[in-house]
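First chain written, first letter: the chains are A, B, C and D, and each begins at residue 1.
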Amino acid sequence: MVEQTPLRPWQRRLYTVIFEADTPAGRAFDVGLLVLIAVSVVAVLLESVEGFRARYGDVMRWVEWGITGIFTVEYVLRLACVRSRWGYATSFFGVVDLLAIAPTYLGWLWPGSQSLLVIRALRLLRLFRVLKLGHFLSEANLLLTALRSGRRKVSVFLGTVLVIVLILGSVMYLVEGPEHGFTSIPRSVYWAVVTVTTVGYGDLAPQTVLGQFIAAIAMVMGYSIIAVPTGIFTAEIMEAARRPITTRTCPECTSEGHAPGARYCQDCGARLLRPQPPETPPTG
Amino acid sequence: MVEQTPLRPWQRRLYTVIFEADTPAGRAFDVGLLVLIAVSVVAVLLESVEGFRARYGDVMRWVEWGITGIFTVEYVLRLACVRSRWGYATSFFGVVDLLAIAPTYLGWLWPGSQSLLVIRALRLLRLFRVLKLGHFLSEANLLLTALRSGRRKVSVFLGTVLVIVLILGSVMYLVEGPEHGFTSIPRSVYWAVVTVTTVGYGDLAPQTVLGQFIAAIAMVMGYSIIAVPTGIFTAEIMEAARRPITTRTCPECTSEGHAPGARYCQDCGARLLRPQPPETPPTG
Amino acid sequence: MVEQTPLRPWQRRLYTVIFEADTPAGRAFDVGLLVLIAVSVVAVLLESVEGFRARYGDVMRWVEWGITGIFTVEYVLRLACVRSRWGYATSFFGVVDLLAIAPTYLGWLWPGSQSLLVIRALRLLRLFRVLKLGHFLSEANLLLTALRSGRRKVSVFLGTVLVIVLILGSVMYLVEGPEHGFTSIPRSVYWAVVTVTTVGYGDLAPQTVLGQFIAAIAMVMGYSIIAVPTGIFTAEIMEAARRPITTRTCPECTSEGHAPGARYCQDCGARLLRPQPPETPPTG
Amino acid sequence: MVEQTPLRPWQRRLYTVIFEADTPAGRAFDVGLLVLIAVSVVAVLLESVEGFRARYGDVMRWVEWGITGIFTVEYVLRLACVRSRWGYATSFFGVVDLLAIAPTYLGWLWPGSQSLLVIRALRLLRLFRVLKLGHFLSEANLLLTALRSGRRKVSVFLGTVLVIVLILGSVMYLVEGPEHGFTSIPRSVYWAVVTVTTVGYGDLAPQTVLGQFIAAIAMVMGYSIIAVPTGIFTAEIMEAARRPITTRTCPECTSEGHAPGARYCQDCGARLLRPQPPETPPTG
């Protein structure tokens, strides 16, 4: 099923334009794609506004078919120039690219009203294509590195928040009861999340004195523990940003990662070239 | 009362499975327990939803008795394989383990409706058993260390917040008065907590111009002082994350501060004793 | 008017108990005071609750007079054992101490109802006496140092927030107008503060599409710029916490504040005793 | 059109007073301007309050004309003493200075009521003149440097937030539907922004169980990702604050990283060139 034929010259040229961003043509292609995605997302948003749909329905339909047409051509071209067609079609971005064009054709086949709504919203998945472009940004990579290395600490934090809102929700269900809107524990837990995250809709609010006292403690707790993910992420991002500083290389074994103040190679014991002052990034 | 007889071989084997997580059987036991706790918590949550209880009441009762049965067997096994039965039964986790099974039996003895509600909610205490598993996570220990070493600073911060909301609440009670819902100082203090923590339900809101002016200042204050616990915790977590670096000492010059992966002293070039893998907690 | 007579032995002994916290008696005095302040604050809070005042009014009056009596004795003793009576009476804490007892006597002289309310609330100023005890906590000093050294940056931040809410409030006044509750620019500015600080009461909310669009941008802005004071304070607290690390003293000129990796005194050029590894707090 | 004649002595003297802040006269001029801007902004605010306008309308008109008069004189003087008149008039601050006086004259020419409202609000643009003074504050520069160097990371963050609220809004539009107030996708996206930024007005709140579940996840997400800009900015501000230390270089060994107050090189003991005062920006 998997075809691994060598790429022909025109395929190779197409590949550098569509999949890469190092050439001017490749960059122009990416920018054009970004604009098209934005237009298509705005179209989906406006189409859901009743007054707008009533007046500009015809224009919208033309725009929709135009965008879908361009995306269809793009999808076919992508399939045409990759080495492994099946591999691309089943990859994450291959599926997203297919889902970006499918809804319009499906809506043409099934002209039902309710199912149409769900299918139309699927077009918003085109947003995920933006992620493709994100890989070219070193900033995104830095943030991802920081998030990834802090993910276990963040999991512990989220687990703690989960336990807090579950217990808090149950306590408030007992204290306030159904007569003040806390009709079930899941609903009370929903209130607890709204409170601890400091969102505070106010659709549910404690009305007994004890309930307000517990709520006040929950608020202060939620207000304070926001410091935990912030601290985790700040430490991770500083660590991720600091790592490039250790560009000193051992002249003997070419190992890297030495502390700024190190005078001997920590991997082979050879003398390092020039001790750098602590905490100063190299500015030369 | 305290029995300190030497453990028999089957007790020793049981102990490694139930209390430890180093063997495959021990890990499987912990995972199974975690799943059971999750199921039991979801059951308590769903049972409080009226529509759900009416329809699936019978299934719920079977699930409840099944979970309680397994937890009872587990509790008896725990008692059977510890050195000091009384010591375990009176420890924090021993009490939690008992409270995890007691409510179902109590609900069977006292079939009253209101007291039942409180007793049923007690089953949520099973959540605390999750904490037992938390000790195996080095991330949780790091966060706890950071929280513990910053607890006095956080107390000073919380004390300051307490004084602010007390004074703010009293002032608003005088400014807005009972006719705008600020019926007593405790209620005004509740409003002050809702405002300073940026929760903002809106069940109580200032209506006089002076009240809104004071509220605006309180909001900006609350919005800004969130920086204090964040700063405290960030500093602590960076300190706690940095500390493991300092535990290795050069056998020649006794210098410290070597990177976890260093093999030679960065100050005198002597060979360090035992290289630690970078940033990976020992997982056996 | 200022009396500077030498203190007699009993005055000296009283002074160490009342003003200092180094002796057991002095500590016991401070703890007792703290308890009394807490009781008195709780009394003020409860007195404002109508149902409570109606039932326990008599008890409350006794408690109030008891506390005031003790504070009066304390105030007289303080005056008796200080070197400069006038200096103490006009100092910040002297005034707070007077204001802590005055309301009860004033309420006895002027038994009017509305003015009484304001006078009674004055008793909450006793809370400021807690600050007196705060000076003994090194944590409070660290936080204060961090706040003080960051106060100019925080002023710039608060000034920026002020300009943002003023302009945002004016724009929303024009966009939404009086018919949606934005009856004047000050009221719109109040809404802007509620929104930018992410409090979000919901007593005022934009209803036009353009208003909601502007509000959404304001929210994301407010949500993001909270990072600014947090970053400022985190940097300051890490700076303040790091400073004690530089406890290395030059053997020649006894100057302090050398970088951890320094080998020569930065003030006189003499060789420092033992270079410390960078970023490691002394643990011996 | 651009005139580049050499400045005459009186122009030069005027220039140092109006455009610079190094002389006492220049500082007094800036402070006076700041006070005038504050008065004028308060006037615009109060004028929009109906009750106030009805009673003090005459006074307000006098105040307004007085301030406009002074600003007009200032604008003319600025034009008189700059080298390139056209260059100043078309610069950002030149346009702001013109917009600061234009509304009052325009309101006199066009005495319509609705257009007047917009024109009057334009006077608030005077606030931007405060920015002119901001350049003299080294703290503002430090914060700007930190913001500027972190702007690409913040863009990635804001882009991610945009994608999250778009997808979340669409999902909630499908889940809750028009009958619970989510009448269109743009409106649902507005709700998503209100929720993710933890503002939480409560004018729109999910009412189905599934909607509340998704909302709870969105809240926890919003509550946690606030850590990202905070971490970015904290890292940037610490980097920006650290950089000034690195500017001094030892004349002997060219080492860097000396503390601002250091007088001798910490690496070779040679005398450093010019001691800088610690943490004080040069203000002379």
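Methods note: a residue touches a chain if its C-beta (ideal position, glycine included) is under 8 Å from a C-beta of that chain, and two chains touch if they have at least 3 such contacts.
As the structure is a prediction and not an experimental result, all values here were calculated from the model.
Using CA-based centroids throughout, the chain positioned farthest away from subunit A is C. Interface equivalence for A-D, evaluated over B-D, C-D or A-C, points to C-D, where over half of the contact pairs coincide by residue number. Two chain pairs, A-B and B-D, are compared here, and A-B has more C-beta pairs in contact (counted per touch definition above). Inter-chain spacing, taken between the CA centroids of subunit A and subunit B, is 28 Å. Centre-to-centre separation between subunit B and subunit D, using Cα means, comes to 41 Å.
Residue positions of subunit A touching 2 or more other chains: 157, 186, 189, 198-202, 222, 226, 230, 232, 234, 238, 259, 261, 277-279.
Taken in their complex, subunit C has these residues touching subunit A: 198-202, 230, 234, 259-261, 277-279. Listed in rising order, the residues of subunit A touching subunit D in the complex are 41, 44-46, 48-50, 117-118, 121, 124, 127-128, 130, 134, 137, 139-140, 142-143, 146-147, 154, 157-158, 161, 186-187, 189-190, 193-194, 196-203, 222, 226, 229-230, 232-234, 236-238, 241, 275-281, 283. Those residues of subunit A lying in contact with subunit B across their complex are 149, 152-153, 155-157, 159, 163, 166-167, 170-171, 173-174, 183-186, 189, 195, 198-202, 205, 209, 212-213, 215-216, 219-220, 222-224, 226-228, 230-232, 234-235, 238-239, 257-259, 261-271.
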